[in-house]
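There are two complexes below, and they share chain A, which is joined by chain B in the first and by chain C in the second.
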Partner chain A sequence: MRVILRDITKKFGTFVAVDNLNLNIHDGEFVALLGPSGCGKSTTLLMLAGIYKPDKGKIIFGNKNVTHELPKDRNVGMCFQNYALYPHMTVFENIAFPLKLRKMPRDIIEKKVNQIARKFHLDSLLNRRPSEISGGQQQRVALARALVKEPKILLLDEPLSNLDSGLRISMRAEIKKLQKDLGITTVFVTHDQTEALSMCDKIAVMNKGTLQDFDTPEKLYSQPKNQFIAEFIGNPPMNFLDVVCIREGDKVYLKGTSFKIELPERAKREFAQIQNGEKVILGIRPENLKLTSEGQNTVKGEIYVVEPLGRDKLVNVKIGTNRIKVIAPQDYNGNMGENVFVRLDMDKIHLFSSEDGNSLRMSA
Partner chain B sequence: MEQYVQEKSLPVAYPKEAAETHVKRKSSFIAALPFIGPFLILIVLFYLVPVVLTIVMSFTGMDFTLEWKFVGLKNYIKLCQDKSAGIAALNTLKYVASTLLINVGFGFLLAITTTYFTKKQNTGLLFQTIWMLPRMTPAVIYALLWLWFLDPTEYGMLNAFFGKLFNAPPRDWILTSPMPVVIIANGLIGASLGMVVFSAAIKSIPESYFHAASVDGATDWDIIRYVIIPFLKWPIMFMTIWQTLSLLTSYEYILLITDGGPLNKSEVWALYSYHKAFGSYEFGYGAAISVVLVIIAVIIALVMLKVFGYDAMMNRGKTKVQG
Partner chain C sequence: MPQVKRNKRGILHSAPIYIFLILVSLPIVIAYLWLFASSFSSKLTLGIFPKGLTLNNWRFLWSEIKLGLTAFESIWPVTLNSILLAGSITILEVIISLLAGFALSRMDFPGKDLIMKTTIILHAFPGVALLIALFYVLNFINLLDSIMGVVLVKVALELPMATWMIKGFFDEIPWELEWAAYIDGCNKFQLWYKVILPQIKPGISAVAIFAFLAGWSEFIYSYTFLFSSEHYTLAVFLKNLIGDFRFLDYGLLAAAGLFYLIPVIVFFLISQKSLMKINFGGIKG
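The block that comes next holds the complex of A and B.
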C-alpha cells in the first residue's frame, strides 16, 4: 500500500517537532527515516501509526485519508526500540495478542501464531517469558507480533539499536530479505546511516524536524543536496575545506589558505554558477583523497594522527586550520608530524554555499 | 533480561567470597550498630516493650486499681463467651473487607483517571492534591467535617442536599447506617494513598507499551486489563496487605465519628479493646482482646507474605524494562 504524507506538521506546545513534511512512499517500498537524535523520526512514525495526531496536513494510505483514523483501524504493524514485549505474557501470548484483541477464534489464533513462530525460528520458545530469551530472540518476537496480523504497512523504530554489532549486521540482512519477500511497505527509523544505506530503497534524511532530502542511497551519497546530508551520510564522514573560487580567463581555481587547485572540465560545468571571488565550502570524501608526493593540484599538510582500521588506515591531516581524514592503504607508514601531500579526485568533489550550506551543483 | 543475568551470575560470584563472608558479617554488624542503634532502641522501647507488657497484662485481672493480679486464662475464656466480642469480630470483617475494596479499588480508579485518562499532567496533579487534602488534615478535623456533613438536622450538608433534590426529610445518618458511614469515611481517606502509589506505578510503565497495544488494536479497556493491571500486580498486592493490617488495628475515625455506636453496631475489634480498657477500666480484659488482634495480624501478614512471596514482592515490584 502506498503512503503519502502531505504538509505534516506536529508541535509539542510551541516546539515544532516535525515541520511541513512531505513524503511519497510507493507500494512495497522500504524507506528509511534517517537523522540525528531528536530530529522527529519517532514522532513521524507515531503519526503514521495514529498514536499522535498531526497538527496540520494529511496522511493517506492507498487512496484513503487516514489522518483522523484510530491506530486500531489503520492495520499497521509496529516494532519498538525496546521491543515493548509484555513481560507478564509468554512468547506465544505476546504474538497472539493482536489477534486476541480482534476476537479471533482460539484455533485460528493458534494456527497463525505457530505458523509465524516457525518462520521466525521461535517454535521452541513459545512458552517462555520475554525475560527468559536473548535480545535477538526478543527482537524476532517483536517482529512476529507486528506481522502476525498481516498488516499492510510495517513501521520499525530503531529495531536494531539494542543488539550487539554482530547480531545487528545479520539482522540487517534478515529484515531486508523479509521485507522483499513480503513486499510490505515499510518505514524504518534509524540514526545509523550504514543501516539506512545498506537496507533501504530510499532514505528520507531529516534534521531538526525538517526533511532535507528524500532519495535513493546512491543519489544521496554521490550528489548530496546540502552540507548536512554530505556530512551525515558516509563513514568516515566527508571532509570540508574553506576555499575561495577564482576565475582566471578560461580556468577556475579553488584557493585555500595554503593551496590552489584547478577544477577539471566536468566540475567546471557542474559548478558553473559560482562567481569569481565567492567563498565556498569544498567537500570531499576520505576515499577520494590520496597521499602522494609533491605535484600539481596537490595540497600540502601535516600528519596529525594515524588510525589503523584493519582493512586500511585512516590518516588525519592538518591543512591550515582544517583537519581532514584520508583513507590510505594498510601498508602506509607515515608518522605523526610529517609533511604530506594530498591529491584530490577532482571529479568527486562537492561545493557548498558558505551561507546556507546548499549544494552549488547545477543539476541539484 | 536483566534479572535473568543477575540470577545466573550470582551463584558464580558467591563461592569466591564465601570464606570471608562469615567473619565480615560479624564485624560489619558491629560497624553498623551506631547507625541502626538508635532505631533499634526506639523499636524495643515503643514496640517490643508494650507488646510484652500487653501480653503479661492479659493474664491479669487488672482494673482501675492498676493491680497486677494474675488470673491465668480467665480473660481468654471470658472472651470466647462474650457476645459483644462476636459482634465486634463480625463488624471488623465487614469493615475491613469493604474499606479495603474502596481503598484499593477506588484508589486504582482514581489513579487511572488522573494519570491514564487525564492527558494534561497538571490537571491530574491538581486533582490528586485535592484528594490528598484529608490525609494532611488532623484526624479530629476530618472526623468533625464528617459530623457536620452528616448532621441529623435539616442544616446538615447531606440532608440539605437530599432535601433540595428529592424533598426528602432530614435523616440521622449515623444512627440509621453507622457501618456505611465509617466505611466510606475511612475508604475515602485511604483511597488517596492507593491513588498515589498506583499513579506512580502507572507512570513508570514505558510509553511504548501503550503505543504497542493501541497499534495492535487495543481499546482503553483492553489496555487497562492487559497492560496496566498486570504491570500493577505487585503494587496492588502490597497495598492490599498493608491496608488490611492497618485497617485491622486502626479505630480513630470510628471512635471520633460513631464511637462504635449506636449500641455496638459499628464497634470493631480494636475499638472494643479500647472501650474495655479505657471505658470500663478492664485493663486485663482489654489487653487480652488486643493480644488476639496482634496474633491475627501476625498470622495474616505471614500468610500473605508466604502466598505472595516476600522476595518476589520486594524485587519484582520494579517495572522491568529492557534496554
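The block that comes next holds the complex of A and C.
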C-alpha cells in the first residue's frame, strides 16, 4: 500500500519534533528514515502507527485518509527497538495476541502462529517467556508478532540496534529478503547510515525535525543536497576544507590557506553559479583522495595519524586548520609528522555554500 | 566429598553467629511459646511448661465473655468488625492507589511534582499527632463511632505509601508495551485488562497485603474513635481484656491473642511470594 505524509507537523509543548514533513512512499517500497538521535524519526513512525496524532497535516494509506484512525484500525505491524514483548505471555501467546484480538478461531490462530514460527526458527521456543530467550530470538518474535496479522505496512524502529554486530549484519540481509518476498511497504528507522544504504530502496534523511532529502542511496551518496547529508552519509565521512573561489579569465581556482587548485571543465559547468571571491566549503570523500608526490593541483599537508583498517589504511592529514581523512593502500608506510601531498579527484568534488550549507551544484 | 568437608568447616565457622542469633531471638521465641502454651493450659510451671491441659481458655469461641459491665455473646461479632475494617481498608486502598499511581506515573498535569513531594511528607507525618483534629473532622461529618470513619482515616494515612508502591510498578512498564498493544489491536479496556494489569499484579497484591495487615492490627484510631461495644474490633477487644488488671485472666488473654494472630500468619504464608517481588519506587534490589 502506498503511504503519503502531507505537511505533517508534530509538537511536544512548544518543541517542534517534526516540522512540515512531506513523504511519498510507493507501494512495496523499503524506505529508511535516517538521522541523528532526536531528529524525530520515532515520532514520525509513531504518527504512521497512529500512536501520536499529528498537530497538522494528513496521513494517507492507499487512497484513504487515516489521520484520525486508531492504531487498531490501520493494519500496520510494528517492531520496537526494545521489542516490547508482553512479559507475562509465552512466545506463542505473544505472536497469537494480534490474532486473538481479531477473534479468529482457535485452530486458525494455531496454524498461523506455527507457520510463522517455523519461518522465523522459533518452533522450539514457543512455550518460553520473553525473559527466557536471547535478544536475537526476542527480535525475531517481535518481527513474527508484527507480521502474523499480514499487515499492509511494516514499521521498524531501530530493530537491529540491540543485536551484536555479527547478528546485525546477518539480520540486515534477512529483513531485506523478507521485505522483498512479502512486497510489504516498509518504513525502517535507523541512525546507522550503513544500514540504510545497504537495505533500503530510498532514504529520507532527517535533521532536527526537518526532512533534508528523500532519494535513492546512490543519489544521496553521489550528489548530496547539503553539507549535512554529505557528512552523514558515507563512512568514513566526507572531508571538508574552507576555500575561496577565484575566477581568472575563464579559469576557476579554489584557494585554501596553503594551496590553490584549478577546477576542471566539468566541475566548472556544474558549479558555474559561484561568484569570484565567494567563500565556499569544499567537500571530498576519503576514497576520492590520493597520497602522491608533489605536483600540479596537489595539496600539501602533514600526517596527523594513521589508522589501519585491515583492508586499507585511513591516513589523517592536517591541512592548515582543517583535518582530512585519506584512504591509502594497505602497504602505505607514511609516519606521523611527515609532509605529504594529496591529489583530489576533481570530478568528484562537492561545493557547499558557507552560509547555509546547501550544495552549489547547478542541477541540484 | 569436598563439599561435605566444606560444610563442616562452614558450620564451625558460623557457629558463633548462630549462637548469637539464637540468643537474640530467644525472647521473641519464648514469648510466642508462652502465648501458645498458656492458651492451652490452666497453669504454667517455670514460665513456659504447661500443666493441666484445657480448652477452657478458648471458651470465647463459643460462649459469652464478660468485660467489666458489658458482656459479649462470643468473639465472632468482634472478629467480623475486624474483618470489615481490614477488608474495607484493603479494597479502598487498592482502588485509590491504583488510580493515583497510574496518574502519577503515566500522566502529565500541572502540580504533579508538588503532589509527589507532599505525598512523601504525608507518609512521614506521625498520624497520632492528628488524633484530635481527626476527632473533630469525624465528628463534623458524622462518622464518629463508625467503622467507616476509621477506615477513611486509615486509608488516608496509608495511601501515600501505597500510591508510591503502585507508581513504581507503573513506572517499570515501558511505553512501547502499551503502543505495541494498541497496534496489535487492543482498545483501552483490553489494554488495561490484558496487558497492564498482569504487569502490576505483584504490586496490587503487595498493597493489598500491607493494607490488610495494617487494618487488622489497627488500634489507636479504633480505640479513640469507636466507643460502642458493638463496633469493637479485635485489637480494642484485646485491650479491654487486659483493661482490668485485678481480674486479668492470662489464659484467656493468651488464647485471644493467638486467635488474633492466626489470620496474619495464614495471610503471610499465602502471600509470601508476592511480598518478595516488591521493589519500592521501582528501585531494583
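In the analysis below, the second predicted complex is superposed on the first by the 364 of 364 C-alpha atoms of A that agree within 3 Å, B and C clash if a C-alpha of one lies under 4 Å from a C-alpha of the other, contacts with A are read in each partner's own complex, and residues count from 1 in each chain.
Everything that follows uses one rule, which is that a residue touches a chain if its C-beta (ideal position, glycine included) is under 8 Å from a C-beta of that chain, and two chains touch if they have at least 3 such contacts.
Bear in mind that the values here come from a model prediction, so they are computed numbers and not experimental data.
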(Q) Based on the shared chain A superposition, would you classify chain B and chain C as clashing or fitting together? (A) clash
Q) Touching A:A49, do we find chain B (first), chain C (second), both, or neither? A) both
(Q) Under the stated touch criterion, which partner chain does A:S131 make contact with: chain B (first), chain C (second), both, or neither? (A) first
Q) Where does A:F80 make contact in the superposed view: on chain B (first), on chain C (second), on both, or on neither? A) both
Q: State whether A:T194 touches chain B only (first), chain C only (second), both chains, or neither.
A: neither
Q: For A:R145, select first, second, both or neither according to whether it touches chain B, chain C, the two together, or no partner.
A: both
Q.
Per the contact definition in the header, classify A:N24: touching chain B only (first), chain C only (second), both, or neither.
A. neither
Q: Using the superposition on chain A described above, determine whether A:F97 touches chain B (first), chain C (second), both, or neither.
A: both
Q | chain C versus chain B, contacts on chain A by residue | A | B
Q. Both chain B and chain C touch chain A; at which residues?
A. 46, 49-51, 70-72, 74, 76-78, 80-82, 84, 86-88, 97-98, 101-102, 145, 149
Q. So in the complex, which bits of chain A are touching chain B?
A. 46, 49-51, 70-72, 74, 76-78, 80-84, 86-89, 97-98, 101-102, 130-132, 134-135, 138, 145, 149, 155, 162
Q) Can you list the residues on chain A that touch chain C in the complex? A) 46, 49-51, 70-72, 74, 76-78, 80-82, 84-88, 97-98, 101-102, 145, 149
Q) What residues on chain C touch chain A, complex-wise? A) 174, 176-177, 179-187, 190, 195, 198-199
Q) Which chain B residues qualify as touching chain A in the complex? A) 1-4, 206, 208-209, 211-219, 222, 226-227, 230-231, 233, 320-323
